[in-house]
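Have a look at this one.
As written, the chains take the letters A, B, C, D and E, and residue 1 is the first residue of each chain.
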């Protein structure tokens, strides 16, 4: 008997449960007050790796937690740094192809795989210059502030069902807030450089990012409303099944708001056509005019890290996250493999495999998002600062607000939703009515329905 | 804010921030060489722009007083180094005017072909670099891809890719090689569809229009008053092109050629029906119109090259004989302006009867076109400065000489 | 408007301020006295049938032979000629004006000769006059901003003068 | 029980809050730069917020304020943002009129 | 003993507390206004960390977003708009320092005493807390709209008041720092204060 499935539940639901993988992590059985508080302060779920260290290796609890934290940090920082390496190479390749040339071809073989690494070594060898007019302390701190902010967002981003550095129940909000912090490093850099061009860059960045946070916040509310949760793991899991379940196809408001989100995300990570802070034809190099070597590359790592972060966030909020377009590509692997091998659907190996596939899905979607950003960058001219702000205040904000209101409408009157694909809920179990956290049933329903819904709800909560 | 910015009297806005003097250049990614613009800014609003030139001054005129006219030709190459052929032509015609030399028919058509190709090549750089000024890189490389093909043709004709010294007083240094005309026609056939790409990437691009339409408006009277010429003048709606309105010695070069001056008349460009429509936001004399005139002139030049190829292959005789290196010059003086890609390029030669001129003078179009920049940039935003300077399409080699 | 008629008309209008002409030259020219320059230019620009609204170029030609042997053979006295090339974008005709100036004001070497500025007539004269001032050493009276334009502000001498010698040193850089 | 070795309690948070509060008050008192004073105000508000949140946390005390603590903290944050906007506008206006941001020189009562 | 057991919960608290208090002091002691803003950012960021530790995740994220991301950027913006070199550091007189230190020390002692005065406030925390109680975001949202699950009163009225207040502030701030156009006429320039 599968956990969480009761006798007497409709067969369809029991079958449908197969589509959803059991969570990799399950609540800890042993209560240890201090750990528990710490954990519950920051996270909801327990951690199987900790359990493994504690139970199998007999490590003390604090050591297990420390080891897990270090492993997670190691993985994430490698993802960001390695991502920057890859994306800089990709950017040069994409730019090259768009511009009818080859891009890097020599270092590391035919495709110039190692070009970025070679550049990185060159940057390391460069002289570290602090201008005479600069404020040395802030000048040195600024790149790290930027990079830290960009990196911190990754802590709350899930890569697959429950594969997350720190599961927060306000993860979406947290990530958007953290992405906004990157601007602080840029402003400090611009101010501390003691160069007029840098100051211009910093001023523009401040004005731009502060204003683009408004529509960005409005945009993420729409998928949050559809999912009824700010927890990214829950949001991702609500889109299980076929691609028709993705939130971008949920209703017209969500479809429109994705484009607004994408525009605002491009603006808030400072990519062309909104890269005014470093507009090379106007401000020399904007806020990083005076930077060289490793410090400069930290800004770049932050930029590419943020690009990947907002793309991954878009993938989770609108494109099903770790769920492939067909269930077989991600979570559907579990029952498929189980049927083939005869293993239990609960087998950790299968779940692990499915999560690995989900992780690949998510990263693939995020890379597509980043590639589109590159495509945009190498195609469009740059906007002027007043036009950037006009775009934000005159188009993005009203559009996002309108979508927000439309989404409220579709939540209240779901039958008016003109995108019927989504109502079929192919390949994913859904109760006929969901009781959401904090949402009250809005239409009279039979007590049976409510009970069933609560059942599904409690299952979701357990994993 | 935008409507107020257009008021020329407005120089600053509160919050009171102190004015800042910023050097744009001489080393700056958008100044087209070593131009230094001193901006007086209040926040993002530029209240005054003061161009400082001379960083590339090489005393070309003084050198001209010590060399014979043929020896000075390489120095003309280095004036507008993006259109060396047209510079050669201007100087050659001036010397021929002083010598009262009559050119053979074939040389005339050869010069038309070469100079119009030079105009295309130059406008391609102007277009690509303008995209670069506005923050888009790809059109630049698309433009250079085509420009390289023209340079290949030039290389085949004269052996050089940038500083040609091909056209010289008396004709050209050599005839066009065998098979060159076919290659040239092939290039034109390949090039024609590419222009649509440029229109898609720039001319009709919404952001491009936002950045250029209504920016840096140069009224016709001001353009004439400041001696602006070429696409800058025609972009302001002044119907003036030396190929049609110049001296007979120059216009006779184009005898028999059919072309229309690219200028907006009654709200229409000559080729309006075939090319992207003028956007609503565009005002005659703004950056967009200057850019558009250049784009249409590329097409016009392609037509002229095609006609030139036909005339050239029909005409008999030789391509002219270059004058002797130390040809004695008659006493007197001659001034001639030609329509170079960037405007009216004038050369003035004074001779005292020896083979070395007494005085040589080059009147460059970019020099006058740049002088208007402080008028255009008053009250604009910092981001508009590269847009305006780029739309004037200056070459510092020509300004500083 | 052909040369002789225009010349007669200018002579009738300005009298002795039109000091000479050569209508047989390749580019026929009319010589104007410095004091009458601005009036004549204003007249040429504003008359409906003339409309010389386009100042192409201002050139200074230094007539001076530094080599004494050759200097004995020349038929002119040392002087500076300012050449104004005008044209009209409306009437599509051209005109050359000349102004003859002494090489030095009051024949004191170092005192630049003076001529009224035509900036009030054509704005483009601004930069052209600055260039002439910079390279040939002619002072334009009434110019709003007469500074060097191509040479550095602290440069000594006017390079297009025939007796100009490159300085031996400029800020530690060897000149010749 | 020494405060260092025992579990973290509300009192620990209150101590942090007290330090922030006092730092803010001192900052308001000694800084002559208007923006410095503003920063002091932010610190004071944060000290208060730490207290609200600590009292409201169910992890620290079983008889906690509950979500009221967090709600009050939210209101404080939002109002602090509003206050910062107004104060900044005043500071800019002040700077416009006096070309300085030294509050000690704002003792004359004129616009 | 640290070698034997690191209590991460306590360790994180002490870390964030030290950062918050340390940089708060740095704000007070620094004379450089931009450095002050930078220190303040770190102090407030660490405070957000403290909020997360108490389980108030929404407030923590809010602190990041509004305080650190919004208010402080605004503040630095203001600093850059107004601070020329001569205004960057305005020194405080020594007498002021002494008075402030004495009064501040007294206040700190008083508050410290109060913090530890009530035994219930430093009694051992509950060993087991059901997760529903920690997870409070949806309850916060409902409370702001006036619905309370636990029987307390809702916050609809304060919420509306704050919203209106924010609107008024927005307009007011915009009015105070509005763009006044100055014209290049010399006469108009003279009339300006």
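We adopt the following convention: contacts are C-beta pairs under 8 Å (C-beta built on N, C-alpha and C of every residue); 3 or more make two chains touch, one makes a residue touch a chain.
Remember, predicted model here, so these are calculated numbers, not experimental data.
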Chain whose average C-alpha position is farthest from subunit A's own | C
The chain whose C-alpha centroid lies farthest from that of subunit E is chain C
Which of the chain pairs holds the record for C-beta pairs in contact?
-> D-E
Where the centres are mean C-alpha positions, what is the separation of subunit A from subunit B, in Å?
-> 50
Cα centroid separation, subunit A vs subunit C, in Å, comes to 71
Taking each chain's centre as its mean C-alpha position, how far apart are subunit B and subunit C in Å?
-> 26
Two or more other chains are touched by the subunit E residues 9-10, 54-55, 58, 62, 70, 74, 77, 81, 125, 129, 134, 139, 177
Pull out every residue in subunit A that's touching 2 or more other chains.
-> 33-34, 37, 40-41, 203
For subunit B, what residues touch not just one other chain but two or more?
-> 1, 14-15
As the complex stands, subunit A meets subunit E at residues 31, 33-38, 40-42, 44, 60, 62, 65-66, 135, 137-138, 141, 168-170, 173-174, 176-178, 180-181, 183-184, 187-188, 191-192, 199, 202-203, 206-207, 209-210, 213, 217, 230, 437-438
In the complex, subunit E touches subunit D at residues 9-10, 13, 17, 20-21, 24-25, 27-28, 33, 36-37, 40, 43-44, 47, 50-51, 54-56, 58-59, 62-63, 66-67, 70-71, 74-75, 77-79, 81-83, 87, 90, 92, 96-97, 99-101, 103-104, 107-108, 111-112, 114-116, 120-126, 129, 133-134, 136, 139-140, 143-144, 150, 152, 155, 158, 162, 165-166, 169-170, 172-174, 176-177, 193
Could you please specify the touching residues of subunit E with respect to subunit A in the complex?
-> 5-10, 12, 32, 34-35, 38, 41, 52-55, 57-58, 60-62, 64-65, 68-70, 72-74, 76-77, 80, 125, 127-129, 131, 134-135, 137-139, 141-142
Note: in the complex, subunit A contacts subunit B through residues 95, 98-101, 196-197, 200, 203-204, 272-273, 275-276, 279-284, 378-387
Quick one: in the complex, what on subunit C touches subunit B?
-> 25-27, 53-57, 59, 61-62, 74, 83, 85, 89, 92, 94, 96, 122-124, 126-128, 131, 135, 148-152, 159-160
